[in-house]
Amino acid sequence: MNWLVDFFGDPANWSGPDGIPVRLTEHLQFSTVALLLAMLVALPLGLWIGHTGRGALLVVLSANAARALPTLGLLVLVVLLAGLSTDLPVLIPLVALAVPPILVNTYEGVRGVDPDLRDAAYGMGLRGGQVLGRVLVPVALPLILLGLRLAAIQVVATATVAAFVGLGGLGRYVVDGFATNDYPRTLGGAVLVALLALLVQLVFVLIQRLLVSPGVRRRNAVR
Amino acid sequence: MITFDEVTKRYADGTVAVDRLTLEAPTGEITVFVGPSGCGKTTSLRMINRMIDPSEGRVLLDGVDVTTIDPPTLRRGIGYVIQQAGLFPHRKIVDNVATVPYLLGWDKKKARDRAMELLERVGLDLKLAGRYPFQLSGGQQQRVGVARALAADPPVLLMDEPFSAVDPVVRTSLQEELLRLQAELNKTIVFVTHDIDEAVKLGDRVAVLRVGGHLAQLDDPATLLSRPADDFVREFLGRDRGIRRLSFVSGHEVGLRADLTVPVSTETAGLRDTAEPWLAVLDEDGRPLGWARTDDLPASGTLAGVPLAPYGTFDRGRDSLRAALDATLLSPSGCAIAVDDAGRAEGVVTREALSEALDRVAGGAHA
Amino acid sequence: MREEPLVRWDWIGRNWPSIQSLLEDHVVMSLVPIVVGLLVALPLGLACVRWRGIYQPTMSLMNVTYSLPSLAVFVMLIPVTGLATRATVIVPLVFYSLAVLIPAVVDGLGSVPDHVRQSAVAMGFTPLRRLLLVELPIAVPVVLAGLRVAAVSSISLVSVGALVGRGGLGYLFIDGWQRQFYTPIIVGVVLVVLLAAIADALLVLAQRLLTPWSRARGTA
Amino acid sequence: GGDPLTNTSPTPADSGAASSSGGGGSKKVVVGSANFPENVLLAEIYAQALEAKGVQVEKKLNIGSREVLYEQVKGGGLTILPEYIGSLLAFVDKSTTAKSKEDILAGLKEKLPAELEVLEPAAAEDNNSLTVTKELSQKVGLTTIEDLVKVAKGYTVGGPPEFQARQEKNFKDTYGLEFKEWKKTGDATADAIKDGTIQVGNVFTTDPKVIINGLISLQDTKHAFGADNVAPLVNKAGVDETVTSTLNAVSAKLDTAGLLTLMKRVSIDKDDAATVAKDWLTQNGLAS
Amino acid sequence: MITFDEVTKRYADGTVAVDRLTLEAPTGEITVFVGPSGCGKTTSLRMINRMIDPSEGRVLLDGVDVTTIDPPTLRRGIGYVIQQAGLFPHRKIVDNVATVPYLLGWDKKKARDRAMELLERVGLDLKLAGRYPFQLSGGQQQRVGVARALAADPPVLLMDEPFSAVDPVVRTSLQEELLRLQAELNKTIVFVTHDIDEAVKLGDRVAVLRVGGHLAQLDDPATLLSRPADDFVREFLGRDRGIRRLSFVSGHEVGLRADLTVPVSTETAGLRDTAEPWLAVLDEDGRPLGWARTDDLPASGTLAGVPLAPYGTFDRGRDSLRAALDATLLSPSGCAIAVDDAGRAEGVVTREALSEALDRVAGGAHA
């Protein structure tokens, strides 16, 4: 506990480019961007595959393979190849990390909707897009949100590694703390990341409350 | 009117689900497709609203080939009810019912008003309107399904085993509800079931399909029961065919004897030497009280003090000959008391009268 | 920079023995957490099913653990488990796999249809036998699904350990990074993915062998 | 003996890359290295030289910074660590002003805790440096650190996380050098220089990326970084006569030019540190 | 014998599921619990094998209070069959059936042999033994469920709506299977259903429960149908009570007329002036061929060339009066042909004869 006081109690850690507010903002920034990019890829794809059933096997298999991609390896490779002039390359491994849970849960969510429901929707004269938008997505929403939540937490936690190649964010505390044998710093960074992850959880619970119809019950997530 | 014209459906795997089906489902009537599992009932039904397109032949809706109509447009004009109701779990009951009106661009208020009206019509408590489907029982969900299919007042209604998931008691009440509704609405209904009793009860016409998608017989229920086209149909109709057939013969077919009823105020003295073993005793309003056995009548006094045996009645206006038969079998006298709507006795059905009526029916059956 | 080829095949040939030993280290460090995780998750999962009340707290704890950055945990464990030891990597990975496996066990037991459980009771199974002979076997597909995810993530996460001196194939990433040398990185990534694919395939195979009764269940 | 933590690990056989010989012997030494290639190479050289003499060696290479490893050597987790005397002294004695090899060695003798010792330093020096791109060097005319003083207020400087803490005051005191901003670029310092994220970076002169990218290391005319001869830092309790003499023999053969040649092999030819170390040892008759 | 002695079950939430139930399920008989949903049938059943323990009162098995017996031991001696069959999805059919024998420590070979024997006995193809439950149809699964319950030859069998999830055709065959088995095995069976037809068909005795867990009536099916204890039971028994009651009257009750059958070789000449409108024509072996209308007979030749109307038959030995009635209703002549086991005509049931038999029954019903 003393460690925590050492880190959080030091006013130097609350200001300047290496201060907690700045690091936190940075961390949030690229986590958010990575998550958004991943959503941009995985949500439409997951919806489409779940809806049409086309290419399902391929995507589920490759999503599992993507899960196996070592973030660190990808990170150093991408940075070596593309340089550090923009943050974009650094985001690639994070996006790769976030895509599988979003994709798989979206796909499973849509696919898992009771076929009778789909039938009833078509039978009433909804068009393909309407079936997806008005029936499948709202019913699959709890699972889709769960996928997003898992992705967000993993991104927030793993973005730490990006500090190894010089990126900012809370990972700096972890990496720098290690390099300077400054444990309070590492621990402080870890605690901040965990708190951020907790916050993400809370935000998602809130979104869930707001968006998911009380008529829809939750199903099990796929990590 | 819905017309199947030499319709064949062959699935990708080679299964022939429907084989050169030709039939008509007349406007304003309930046509039932019945047959064993896998005989192509669902497939046939779904070719009407283009959930499935035929491999050969044509399905016509009032003379128009349905394949010329854009599926969503076609479907919005056709109500569709399925077994598990297929309610949208994320929408409140009222919004479920208003789905098609919303799709058709009705304004929200009008669509909801219409939904409420329909909920009432299918016999649901309006309190349920704000609930979600999971908060309803199976039977209630099924009623919502029917209401939803009716929301935009489509002329045609397709129902695929809509009541098969609920328990027998609820099922009976749903069936009666449907008949009541149809009496008001006069939709063109195609109804799929694998339960022959349901088919015979609901159908104006019943199409019996056999596995492989062949039409085995298409007839009104009474004809179906009395003259099954072949052994398959006979077998499928099952036992009690003769008795069940009586359901389609009106109670009016049977002759009554008015002389077997006596008011309760009658003196017993004059009755003791009647040849009849039993007499139906009526109260002042003409309602039956029970049977008195003439041999056991006391020597004096009115019938008021006499012990009476319970009676069997049937409503000649509403009930069928089957109910009359059942009533005679339940009655200790072997005779049933025919009553009118108000419950007043119109006369007594003796077994001889029943026999005569049955003879007429049986004779007619194979004419 | 452009002249550096993406893959120098001769380098792979020359360094194969050391790559191989890294691979072995990687396998050990990713396998142990899964096995230990499973051994711990089973009783814990059972406890969570038995006493529903402890499930939520347990999962909250697991979720917090799951959101701790692995690198930070590795670093903080060094004083306890030592520098560049396998334990430093293995211990946190055990916890990560628990976060996946406990819900898998709980969901798995939850997937036992109530009527099956009831008929086991009615046939006179004692509670322990019921668990061992009926409930656990039926839970296998769901548990294995969780195990697949745990295995793949574990294999991928081990490499982060390279940042604290012990990361199996992750060493290749650091090495390649420092020398601006793609080959080891690519070799490392490919081997990690391959390893994960093999582990996944083995688990799928195990599922097929263990649960012939659940195949094509959906179509039945 | 050995590493007690390896014993607590769930796997009994310790057969990873980080060890080249099965543990267990009481005389086993643990050779560590910091997380940069030259240090790894030096550690390989030490380790293989010792192995050639029949010493049981465990390698823990490419791990972290001095801050981490120093503690480990002190605590006995590591036995031997390739070090750089100037930097090491600056680390153990923040206030030192020693610049020459002799002063530094004297300083180390005095300041190192009892359990630690620096063996014979080699002739090889690997200076810490401030490095810029060739383009910047030509444009502004930068060849020495002194040249930097007049322009530094507009520059961002980067380096490993520990860099600012170690050197900020030193630069100011020695050269009057002040930068606009300090960035922690860590292992990406060379890349950052190249990208222009920073203009000046703290990298070793033998960093492969300096060599590969043709970066220019500015001359340290006032010896701000101090003499940085390579020398093994050892935990006294862990080493015996064989070890000491073997390492001293290695140091005797190691010079700056030689080290640079070796580093070129590692950096450009992408030969493995182990192979390069082995070749050098064989050539110098320190192993067969 | 199973005895309920003033048994009450109150759930934790205060629901009284069973209220002072006292009844006996005699050894070797099928006792059916029937009643609307939620009336406490399942609860009562489960108190027998201690899946639930009573709040008050005692359940005795052959005089021994079940609460004195260790539950697993008790249960191994009581077969239990439920709606979804409850088969173990991870075990092959044969091992499912052998579950209790394994539990009892039989050796593997013996247990499997026993399982195979039972599979055969419940009418399953032995090829299915090596399959897994998901590869079987609902009806087959249900049969396996029965076989499993019988595996250790328990004297008592509890069945909770075992056939309610399968379609009507399969259901009927399962019911008949059960009756056949019971005729061989003579188990003490308690059977729960909410279907009164099933109750009446299967039960030696039927206990009708009403919601709140009260016993409304306990009687043999025929008595139940003829003399329902109150309006609740009458309502619950539903329509056709009179007709259904006939199921319990043997076909032997009805008198036959042999003079209405004629061999096909008979000359028509002598038949044309019979007073009877219809004659049953038989082949050389005495099997019915159909009805000849006497008015339409040609002046000469035998009956061989005469067009015959289809006939209704019933098996006097096996069928009930209900089947006889149905046959008369189906026959164009209004008369049914009674046949023996071999299908040879024994005589003709006229409507008068039937009427007379019915009179006897009706009279008996309220005697």
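A few notes on this one:
Each chain carries a letter (A, B, C, D and E) given by its place in the written order, and its residues are counted from 1.
Keep this in mind: a contact is a pair of C-beta atoms (placed from the backbone, for glycine too) under 8 Å apart; a residue touches a chain by one contact, two chains touch by 3 or more.
The structure displayed is predicted, hence computed values, not measured ones.
Any chain that touches chain D and also touches chain E is listed here: C. Following the contact convention of this document, C is the list of chains adjacent to both chain A and chain D. In this assembly, the chain whose C-alpha centre lies farthest from chain A is E.
Pairs A-C and C-E differ in how many C-beta pairs touch across them, and the larger number is found at A-C. Between chain A and chain C the centroid-to-centroid distance comes to 20 Å (mean Cα coordinates, whole Å). Averaged C-alpha coordinates put the centre of chain C at 56 Å from the centre of chain E.
With each centre defined as the average position of its C-alpha atoms, the distance from chain B to chain C rounds to 60 Å.
If each chain is reduced to the centroid of its CA atoms, chain C and chain D end up 36 Å from each other. Among all residues of chain B, none touch two or more other chains. Looking at chain C, residues 162, 164, 174, 177, 180 sit in touch with two or more other chains. Residue numbers of chain A whose C-beta contacts span two or more other chains: 79-80, 164-165, 175, 178.
Every pair of chains that touch is listed here: A-B, A-C, A-D, B-E, C-D, C-E.
On the side of chain A, the complex with chain B involves touching residues 114, 116-117, 119-127, 130, 135, 138-139, 141, 212-217.
Listing the residues of chain D that touch chain C in their complex gives 3-6, 8-11, 14-18, 32, 35-37, 60-64, 68-69, 72, 77-78, 187, 208-209, 212-213, 266-267, 270-272, 274-275. Of all residues in chain E, those touching chain B in their complex are 36-37, 167-169, 194-195, 239-243, 245-246, 309-310, 312, 322-323, 325-334, 351-352, 355, 358-359, 361-363, 365-366.
Those residues of chain C that touch chain E in the complex are listed here as 113, 115-116, 118-126, 129, 134, 137-138, 140, 211-214, 216-217, 220. Residue ranges of chain E in contact with chain C, taken from their complex: 49, 51, 71-78, 80, 82-91, 99-100, 103, 132-135, 145, 148, 158.
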